[in-house]
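Data block below; observations after.
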Amino acid sequence: MESTVIKSRNFNASFGSNHVVKNVNIDIPRNHVIAVMGPSGCGKTTYLRCINRMHELIPGASSSGEMKLNDEDVYQMHPIFVRLKIGMVFQRPNPFPNLSIYDNVIAGYKLNGIKLPKAERDRIVEHSLTRVALWNEVKDSLNKKGSFLSGGQQQRLCIARAVAMEPEVLLFDEPTSALDPISTSTVEELFHELKVNYTLIIVTHNMQQAARVSDKTAFFFMGELVEYDDTKIMFTNPKDNRTQNYITGRFS
Amino acid sequence: MQPSHVKYRLGKSYGFQILTYILAFACVVPLIAILFFIIKAGVTKINWHFLVNIPKPVGETGGGIANALVGSILIILVASVIAIPIGIMAGVYLSENRKSRLAYWCRLSTDILQGVPSIVIGIVAYFWLVKPFGKFSALSGSAALAIMMLPIVIRSTEETLKLLPDSLKEAALALGMPFHRVIFKVIIPVGVSGILSGVMLSIARITGETAPLLFTAFGNPYLSTKLTQPMQSLPLLIFNYATSPYNEWHDLAWGASLILLVWVLFLNIFTKIVTRKWKVQL
Amino acid sequence: MVTRSDLPLRVINSTPEAILKAKKRARRSFRQIRTENVFKRTLSIMGLVIIILVLGILLTLVVQSLPSIKALGLKYLWSKVWDPVQDIYGAWPFLLGTLLSSFLALIISIPFSIAVAIFLGEYHPKGWLPNFLKNTVELIAAVPSVIYGFWGLAVLVPIVRSFESSIGVEPVGVGIFSSSLILAVMIIPYAASLGRSMIHLVPSHLKEAAYGLGATRWEVIRSVVLPYTKSGLFAGILLSLGRALGETMAVTMVIGNTSLIPKSIFAPGNTMASVIANEFTEADKPVYLSALIELGLVLFLVTVVINLIGKKIIDRFTNE
């Protein structure tokens, strides 16, 4: 039985007077991979950042409408709670440069001042790094700085950092656009593994990627959610002709 | 165009180039002359006795500057304790609130503070901390110096933190970190080298300041470690003894000058090396 | 549209329902949130403290100057006699001393600081020798002014004295001229380093255009570099002037400290800063003390205006 994790109703977001996300209604089912695609500048990132309330950190940014996590309005919760439950991975890998690989993984605990016994910390680090298929590569250099890793490894480290907090939802903003093809495929494989425990929302402007990794796809166009359906249907039989045009490459 | 005219223009160009070189390198002369003279006059005065004794009364030879050394260190320590936390926090505030009106006025105030003549700071500290208590005190001197440190610490903190990428802060916030932890555990540790350089530079600046201490710490011929009492400091001692008519006191002042100069130049050069090594922008 | 624009400082309240649901992590997290809000408020308070500090300085100076302003009025500033024993106060000797010594210092130092700026900005931006020059010039600003004063007293004043007797003026040694020389050295770094960075900002295509027309190096400097950077160089000179006006110790030690109007640039005198340094702790009458503080107030206002104008010019220049 599918249950809904994230539910938006009439959701809007703006930068000052620039209205960039318009009236979005969407239901995101648990333990699925959702791809969000659309041309550049159509508001994908903005919408994603509204889900865990990162959007409001930009001066002048505002939003309205309903955004629910498990029937609880995200905007009635304190942002700290929201972000503990909804993790995020950014476009560019951003490990903490002052922390070791080990400390980067448990950064969410360490920097939040949550004290854990050593054994528990070790378990979390190993578990999280294993989840992102990085454990074998770094288990002998856990005390090195995270910035020594390659771009693809850094991005997986950032995913491990988010996974370590055991969130319900993981947000990815074009997680592979700064990576080489091999690292990209490693990260894409992770998505299948991770959806067993988490719900993944992945912004991408790469249609093939959306088709490869997602169960459902949302298509944004000029701030509107044009179409949202099973990925298979979206790519074979889209209902809206804007989606049709995008998929067949008639924009961009 | 005639070749002779071109020749004339080229000659003029070289002439100005050489003049520039001469004038530019002439600037080095006074500094070298001062260094040379202070070393020559001061180095024979400095020995262990000089460092651990206090000045002798007029007419007796010998004596040292222990009271001024101890006083300088104490006054600077207390000034740092006051100025560094306030300065860093105000710097963090400015880098976090680039557009707010309060930040605008705070930035303007910092600019103003940077240019206030040190003697004016001395006057103000006198009315804030000397007159109400009825006596000169080391503490009032520290407060005056702290005011002089503030703009340097604030500015270097702000400039350092502004250069850090936003992604760093977002990574921390996305993990559900509260703002104060983001600042203390992520932002400040990553920017620590720049902030430290600013702190060291501000200490270097106040170490040689005399004017703000004239009506606050005031000076003291004896060794005192009480913050509520007048206290000697190196620059005060140099000023008072250098302008006295006694040769023994001049000798003391030369020795003290050398120590002060070495201290200040060391701090400056050290900061320069560290900033270059850490590639800090100040 | 409901706006949830959360400026960084806005305090976000949780509803009671949310609090109940989050009970597991609640206790420690709420402490965190409270600390977070306290911290944000502390930061803005620190920002406020700086503003209050500056206002406090201004207010203190104004309030303490009031007795003198009331008793002596505006004409205090151009009255020519300063004789506290007779209760006669006129600031003109100090204003004149300050202006004379600062502007003389400025005139002496400008060729040198501009030369350093051109050398480092245009002729030799890189290399060990320019680096040495740059660092040395910066260290000039690091030497404590009391050491300049002491050195001036011991080395420079005798030289000036023999110079004075060779040109046939009264050989005092100490005086406006000596303090201008010291000041000139002290203020070189300010105009030099600002000028250097301004010259670095000159777009190379402008210079290349001039070279392309067959201009010599000097002609490029005179007709492209200096005109392009003139506002920046002016700002640097303003900052130098601000330093010179407020400089206290070095001047106090070599200017001779008399309250008579200086008859020539070789005469002893006093600046506003040096008379404060000398007489502040001796001023036993309220009006006397207040008259000194009024000098401090004038000094404060003048340096603030000069520095802010300088900063404005720099900001405009670097943002272009």
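Just so it is clear, A, B and C label the chains in written order, and each chain counts residues from 1 on its own.
Definition applied: a contact is a pair of C-beta atoms (placed from the backbone, for glycine too) under 8 Å apart; a residue touches a chain by one contact, two chains touch by 3 or more.
Keep in mind that what you see is a predicted model, and the values were worked out from it rather than measured.
Engineer: Using the contact definition from the top, classify how the chains connect: line, ring, star, complete or other.
Structural biologist: Basically all the chains touch each other, so complete.
Engineer: As a test of understanding: of all chains, whose mean C-alpha position lies farthest from that of chain B?
Structural biologist: A
Engineer: For the chain pair with the highest number of C-beta contact pairs, give its two chain identifiers.
Structural biologist: B-C
Engineer: Rounded to a whole Å, what is the gap between the Cα centroids of chain A and chain C?
Structural biologist: That gives a centre separation of 52 Å.
Engineer: Between chain B and chain C, what is the separation of their C-alpha centroids in Å?
Structural biologist: 14
Engineer: CA centre of chain A versus CA centre of chain B: separation in Å?
Structural biologist: Taking the average C-alpha coordinate of chain A and of chain B, the gap between them is 48 Å.
Engineer: Going by the contact rule already set, what residues in chain B reach two or more other chains?
Structural biologist: Residues 178, 181 of chain B touch two or more partner chains.
Engineer: Would you please write down the residue numbers of chain A that are in contact with two or more other chains?
Structural biologist: Residue numbers touching two or more other chains: 57, 59, 79-81, 84, 112-113.
Engineer: Would you mind listing the residues of chain C that make contact with two or more other chains?
Structural biologist: 7-8, 32-33, 36
Engineer: Would you tell me which residues of chain B are touching chain C in their complex?
Structural biologist: Chain B reaches chain C through residues 9-10, 12-13, 15-17, 19-28, 30-31, 33-34, 37-38, 41, 86, 89-90, 92-94, 96-97, 100, 102-103, 105-106, 108-121, 123-124, 126-128, 147, 150, 154, 178-181, 183, 204-205, 207-211, 214-215, 218, 235, 238-239, 242-243, 250, 253-254, 257, 260-261, 264-265, 268-269, 272.
Engineer: Using the touch rule from the top, collect the residues of chain C that touch chain A in their complex.
Structural biologist: 1-8, 12, 14-15, 17-18, 21-22, 25, 28-29, 32-33, 36
Engineer: State the interface residues of chain B toward chain A in the complex, per the touch definition above.
Structural biologist: Residue list for chain B touching chain A: 98-99, 165, 167-168, 170-178, 181-182, 185-186, 189-190.
Engineer: Please output the residues of chain A touching chain B within their complex, sorted ascending.
Structural biologist: Residue list for chain A touching chain B: 52, 54, 57, 59, 79-84, 87-88, 90, 92, 94-98, 107-108, 110-113, 158, 161-162, 165.
Engineer: Would you pull the chain C residues touching chain B in the complex into a rising list?
Structural biologist: 7-9, 32-33, 35-36, 39-40, 42-44, 46-51, 53-54, 56-57, 60-61, 64, 111-113, 115-116, 118-120, 123, 133, 135-140, 142-151, 153-155, 185, 188, 192, 216-219, 221, 239, 242, 245-249, 253, 273, 276-277, 280-281, 293, 296, 299-300, 303-304, 306-308, 311
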